[in-house]
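Both complexes below contain chain A, partnered by chain B and then by chain C.
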Partner chain A sequence: MQEEYKKGILDRLADFLVIALGSFINIFKRDWKKKNKSKMEEWRLMLYALNRSPPGLIGVFLVLVFIFFGVFGPRLAPWPYNYFPFFDNGTAYLAPPGTQVYLPSHETIMSLHLGADHYGRDLLSLLLAGARTSFVISIVVIVLGVPLGILLGLIAGYYGGKTDELVMRITDMFLAFPALILAIALSAVLPNRLQAFISSHAHLQSFVLWLFGLHMREAGNLGRLLSVILAMIIVWWPAYARITRGSTLTEKENLYVEAARAIGLSSWTIMFKHILPNIIGPILVYITLDFGSVILMEAGLSFLGLGATPPIADWGRIVYDGTQFFPKAWWLIIYPGLVVMLVALGWNLLGDTLRDILDPKTRRSIEFKVKKTKKMEEKEGEENA
Partner chain B sequence: MKLEPILQVRNLKKYFPVKGLFFTKGHVKAVDDISFEIRRGETFGLVGESGCGKTTTGRTILRLIEPTDGEVIFQGKNIMELKGDEMKWFRRKAQIMFQDPYSSLNPRQTVFEVIMEPVRFHGIHVDDPEEFVIKLLESVGLNEMHLYRYPHEFSGGQRQRIALARLLALRPEFIVLDEPTSALDVSVQANILNTLKDIQREFGFTYLFISHDLGVVKYMSHRMGVMYLGKLVEVGPSDEIFEKPLHPYTQLLLSAIPVPDPELAKELKAKRMKVEGEPPSPINPPSGCRFHPRCPFAKDICKKQEPPLMEAEKDHYVACWLYSKA
Partner chain C sequence: MIKLAELKKFLIRRILTFLPTLIGVTLIVFIIAYVIPADPARAWAGGEKASQEAIARIKAQYHLDKPWYDQYWFLVSGLAKNTLIDPRTSNPVMDDVGKRFPKTFELALVAFFFVILIGVPLGILSALKRNTWVDTIIRFFALIGVSTPVFWLGYILIFVFFVKFRLINLAGFPAYPSHQITHIPMIDALLTGEFTIFKQHIGRLWLPGFVLGFQGAGVIARFVRNSFLEALSSDYIEFLKAKGVPKLKVYRHALKNALVPIITVLGLQFGGLLAGAPITETVFGIPGMGRYAIQAIQNLDFPAVVAVTFIFALVYVTANLVVDILYAVIDPRVRY
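Up next is the complex of A and B:
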């Protein structure tokens, strides 16, 4: 408790970021900075807490790298995911890392830094394009699945009684199946219908293709890709309904909820404006951890042969195809496996750190140290003068 | 001086079901058939020990808990039948202040948001919200410095003042004060109580003051009611009740007030009523008068028949067979 808090370079960066963000919002909302001094101070302390946790910083780094490649991966890839030099010239077939292949059709040399798969495609390009697939799938599953769970959990927890029973028994039905088994069953059943649906909506189809960075030729494979997403959304919400309901039950006993009722506010306003902001912390931690889980599960489903089919680049699928050539073509399993592991690790480290950061106690202890150090410095300054 | 009633409670009942494995095992009779009225501009004190139903009464009157039976007439309207806009009107006119200031404010709202939320919801027009809130804060003893702070930056007493400012923003006519000072230390208590008295004088509020602290009730209220096990046992002007308590339970309560003078305390202890036992379970209350197993003056009739609230002296009601003329 006695240690003091010396500001490092990251803390100065945090100070700068918070002030910059505050000033930015201030442009749009008059007097925002003045009104939210306390909030900005909390943000600053949260960043300080992050700076003091090396695993958290590693997590943030890994996640930022993943997001960067998730967004720009397909553009940064040296070769498109659907370029098959195999058909030009058989030499690229399962080429080991470091091979250089002359492509007569392009009159250029293809450097396979991480080797090639059994179609002769560049593994590095596939991993980069696959980052987009994982990134989009994890975001879509979280963005669609989690709010559904939160909504149902809030309703069940707040209204209680029969509503609670009804919602939670349905949730229990979903939870009774092991998630992976349910997802396997669903993604085996859904593809044909989804394919028919997506084919009949041209705009939606081109939007989804754009989202995944895919060529028009892959339109026929979208059904399988979407079926995995839908299956995961269906197995993902019940966990959130459970945690949200639990937190709502404890939170609604607080008197400020009753005060809000005494004012006359509607149940929806109370749920979303009063209860939700107070229970969102643990849910946020859960969401962060789940980004990793979604990517793992998606890779798992692809590994089982469900979901994305070649030539769509997908980390799990690359490993699945690579098993046939193991251990000769070890790079087909080691590299994608390593990438999946690092991404999942990144999200998990971030989630764990977020739990500490969102805990007001951590912030108070840092605040205490910062103030103490400031006082000591002032004293020293006076003595020196 | 007899003032017009602003609120009349008639035969109010609230039973909470006690759930067994499959069936309801019984009911906790938290409030069991009570009637009283509160007059405009007065403070009506409601006292009783923990678990006697005084808080439930306060919340049921505001319809924060739906009653099992009975009516509450507020300014001529039965609030149990109000809907939509009329209910909104009632929500604006009648407000509540809670015991625990640590949970009665949303930790995610600044003081400004806490106070402006009811104002915006009820569509009350305010020219300059900031100035409006600052004025309210000043009237409860806070200032403009506190405007954009969060509840965790305040002490218990200050939070209670913020809660008070939130009520005042709506300009209610009737306020339920549910043990507003029992979570605070004595000096802050006195401060808050005086603030409450001041604003009552200024705005002409009517208070229902719920407390287990008899000293505080004596200081605050004009009239009071004493509750025992979900029943109202005595209602009358506070001065009269403190001077000459009629119901044996009220006598017991008053004799339990600590006396600071040790000599006097000894003297009083010798004279004090000998009452034994704990209050019985409200799930299965005793027959007849609920106080009879502990009452030193219990007669036969007390075990058999429940005493009604009778006017023993002018404007002073008591539910006890000892004062029955029959």
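Up next is the complex of A and C:
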């Protein structure tokens, strides 16, 4: 058991990360580091606990790889998503993995490590470019959908009475639909309006194109891509409203809320500065898990032919187009599906570990271990001195 | 007797909250069909390629030129009285949906069977072998289940069982039994004793059912593990152990108490399985409700989209209602 007390390289990295983050916040808020020593200590203990869980580390690794390719994927792709080698050289059509194709117009040889689709496009490049699509969609859905749900849940739970009744009845209306069905119906009817909207806002349009790493020519397809995003936001917020309301209801009975009210703090301050930080733990776990769910659902929707249209690179869409050539072009189904699974698995592993770390019941043992470490170190220091 | 009165009160209250939810469902369906499309008449008539006269005809037929409350009433009464006509097939749209519903229901039933068959034993095993390699493997399996895209698993298994070994059939749908009692062909075949038809249905649906149930099995395994562990750590179990009751009997007591939340989650899973049908049915070519919904969307067949969405929500809400009532019947503590 001696090993548990040793600080590994990952623990040192955790120390560094926490100090760096603290110093960063200190730039904006004076004396933040001094005032929040215990908070930083807690973050450090959480990272230590993460370091002691192999599944969690695998999750972190997969998620970091996904984020890396989400940001740099389109740049790292050897070939652009909108170049169709098929028109240069017909043998590129559904070329199996490992084929080399000569492209007369470029006077180069294209090596298709993972095979090609029916436009002759390199599957590896498509997967790399598709990482950006998945990444942006999951971030946008979570960043817009979750805070909306949390806000409504806080309001409903804190004010109670008629406000609660109204908000929760609306939430129930949305929760009455199976998520996938509502998302399918919405992403089927939304594109026209969204296309009209995005076409009339040139700046927004170029921003969205830049975000997804798309060429100007794809502007006409943005409506469909955005419809999936909006549909998933509409599907996603109600669950968070319900969770947040539930924990707010129990949390607001606590004495500290009453004390805050007694000294005359405004409802918004109490909700956001006092209640929210106390209930955010479980919500963070749900958010982590839901990154995986959003990516899975997006892949499912584009597999059904909704959302991204060719030539936009999208993992689910590659499979949808590849099914016409099944089982001959197996690589068009196996590889994109495998990538989706690994990414979802990464988020799920991370979320699962976070759940253990944030749960006070299971965390105690971990904290105990690490605290012992420090005492041991002090002892060692004394001995050395 | 007081307890029964409480149950009655709970039932009445629960059914009363069911009504606003139902109205909410129709409202959202109405928004999807009438409010969101920029030019509903054109959209209903088939989008860009629709001719002017078709648009005019559709407009009059579906009250698209009337004020919103008239449109809403037309939609709701059309869904309730089955007077909403599908412009593509000229059938009342609920007839088309009704024809496909049993297939999807059957698929969900088979999937549900797999969820229970795989999920519950794995969960119990995982709890009994807590913190051993068995537990780790089962937890990992549960995570794999939640993370696997349904279409991917479906195509891999099609490759194995259809392309390589020709063990399954992917075309059409087996015949229905001669007598319809419950209108679910598989159950009817069992009831009327037509076992060959039952076998055909199982043969067609076992693999899609497994694929659809795979995700749910992981979720259930995890849930069974946690609630069984929680039951095992309660005071009455400690008491039984102290009393010297044999191990197996102790487990039986714990399982009985853990079963209540498990049944709830299983019930909710069934609704979720129905909803997962579109992808599974598309992969395996089953002509059920999910496949119908996707085809309706591709053809811009609005009445069909509306009807399918409504039916899915209706089944889902009803499943939740049944689960709630069951829960209240089994566990008196929730009838407050």
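Note that in this section the second predicted complex is superposed on the first by the 348 of 385 C-alpha atoms of A that agree within 3 Å, B and C clash if a C-alpha of one lies under 4 Å from a C-alpha of the other, contacts with A are read in each partner's own complex, and residues count from 1 in each chain.
Definition applied: a residue touches a chain if its C-beta (ideal position, glycine included) is under 8 Å from a C-beta of that chain, and two chains touch if they have at least 3 such contacts.
Note that the coordinates shown come from a computational prediction; the quantities given were computed from them, not determined experimentally.
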Exercise for the section: Kindly say whether there is room for both chain B and chain C on chain A in the superposition, answering fit or clash. Expected result: fit
Fill in the blank from the handout: Of chain B and chain C, the partner touching more residues of chain A is C
Practice task
Name the contact category of A:G264: first (chain B only), second (chain C only), both, or neither.
Solution key: first
Exercise for the section: With the two complexes superposed on chain A, say which partner A:M173 touches: chain B (first), chain C (second), both, or neither. Expected result: second
Exercise for the section: Would you sort A:N254 into first (chain B), second (chain C), both or neither based on which partner it touches? Expected result: first
Exercise for the section: After superposing the two complexes, find the smallest distance in angstrom between C-alpha atoms of chain B and C-alpha atoms of chain C. Expected result: 6
Handout entry: Residues on chain A engaged by chain B in the complex (per definition of touch)
Key = 34-39, 254-256, 258-265, 274, 277-278, 360
Completion exercise
The answer for chain C against chain A in the complex is residues 20-22, 24-25, 27-28, 32-33, 36-39, 43, 139-140, 143-144, 146-152, 155-156, 158-159, 163, 271-272, 274-276, 278-279, 282, 293-294, 297-298, 305, 308-309, 312-313, 316-317
Exercise for the section: Could you please specify the touching residues of chain B with respect to chain A in the complex? Expected result: 59, 62, 64, 87-88, 91-92, 95-96, 98-100, 103-108, 110, 112, 117-118, 121-122, 147-150, 152-153, 163, 166, 170
Problem - In the complex, chain A residues that touch chain C - result: 55, 169-170, 172-174, 176-182, 184-186, 188-190, 192-193, 196, 292, 296, 299-300, 303-306, 316, 319, 323, 326-327, 330, 333-334, 336-338, 340-341, 344-345, 348-349, 352
